[in-house]
Amino acid sequence: MTRFEVLTTQAEETVDITAQVVDAAARSGLAEGALLVWCPHTTAAIFVNEGHDPDVLHDIALVLGRLAPQGLAYRHGEGNSPAHLKSLLAGCSVTLPVSEGRLALGTWQRVFFADFDGPRTRQVWVQPLAGAASEVP
Amino acid sequence: MTRFEVLTTQAEETVDITAQVVDAAARSGLAEGALLVWCPHTTAAIFVNEGHDPDVLHDIALVLGRLAPQGLAYRHGEGNSPAHLKSLLAGCSVTLPVSEGRLALGTWQRVFFADFDGPRTRQVWVQPLAGAASEVP
Amino acid sequence: MTRFEVLTTQAEETVDITAQVVDAAARSGLAEGALLVWCPHTTAAIFVNEGHDPDVLHDIALVLGRLAPQGLAYRHGEGNSPAHLKSLLAGCSVTLPVSEGRLALGTWQRVFFADFDGPRTRQVWVQPLAGAASEVP
């Protein structure tokens, strides 16, 4: 398993980590299989969505902010319950296909790290998973 | 990795793809492991839920429509931000257990492809993942 | 693949299953790879979030209850559509990294089984997945 850091600079910030994940896929030497990309934090998320138009990230943040708003009858004393909820809803890991030695994503897909309780120095863990035997003819 | 197509015929449509996934599991020759079932699109989802009563799919669509409604202060110019959000909330992939050579799902579970920005010809990618060494006694 | 049971005692209850998952990781004999932890039910979820302060679980239940409330125009006759929706939003499985022979979680992360339609005797399935070849130097 390899690790890399993501430094966020704002309270809420979504960072495109596709390049680091592509690099991890290449360094794994994996031909067929998957990469488990894991966020070891409970107030951040890792997800895949459109990376071409940055306005999509704005709209994702807009809706997550409505789904887990500040000011509900939260009990968690740290005041960051919305960040825990956004982590749950967006998900704290993705398992990405690797095929023919490369990370296999759709045309518009990018991998994002979203910090909902920044700014912080965050970790991303990457575990390569082995593909199975080839097709039965 | 194998691929198959899903043709949707409506703006929003959820298609049961369990048969195709069961078939992919059988063709993989995998005895113990998992299938990564990947949606390479950013306005569609792949998820597992009840397939016995089609009204469950109605109710899922009803709630997703409330969580990511039309008409918010979206910036993404294509007008399909609700579809991007529904993809994020429902998830763009599942990793399904394979055991004793067969896809292992609960009694009521089925695998669904949901198109939130159709109708389109969509792709599903299936990557078999190897199981690990047997139990330590 | 191994299985264990979770007994819930309330209509909605979230149970910390980290100890069982740690044990499954140890018994798998896996050094590097992942554990697919699967919920074979459609009205329950398995997710990872903070386990230090139980109030976080309260706040998660609070928000999920707002996102999928009782009383909408549901069609599913069993009356448990909110439970199906919460299962979808929180997710019915996690794929967890295993490294150096141990389950690898962040400092505050715990693995939870959430029953949204209890009390019931529930199942959790655990499938170890093999890690891939070591790093290319």
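A, B and C label the chains in the order they appear, each numbered from 1.
Assume a contact is a pair of C-beta atoms (placed from the backbone, for glycine too) under 8 Å apart; a residue touches a chain by one contact, two chains touch by 3 or more.
Given the structure is predicted, the values throughout are model-derived calculations rather than measurements.
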item	value
Rigid-body rotation angle, subunit B and subunit A, from Cα fit (steps of 5°)	120
Numbering shared by both copies at the subunit C-subunit A contact, with half separating same from different	different
Euclidean distance of C-alpha centroids - subunit A vs subunit C, Å	18
Where subunit A touches two or more other chains at once, by residue number	33, 67, 89, 91, 95, 129-131
Complex interface listing, subunit C residues touching subunit B	1-2, 26-30, 33, 36, 38-42, 67-68, 72-78, 81, 84-85, 87-89, 91-93, 95, 123, 125, 127-131
Residues on subunit C engaged by subunit A in the complex (per definition of touch)	32-34, 47-50, 53, 55-56, 58-60, 62-63, 66-67, 89-91, 94-99, 104-109, 129-136
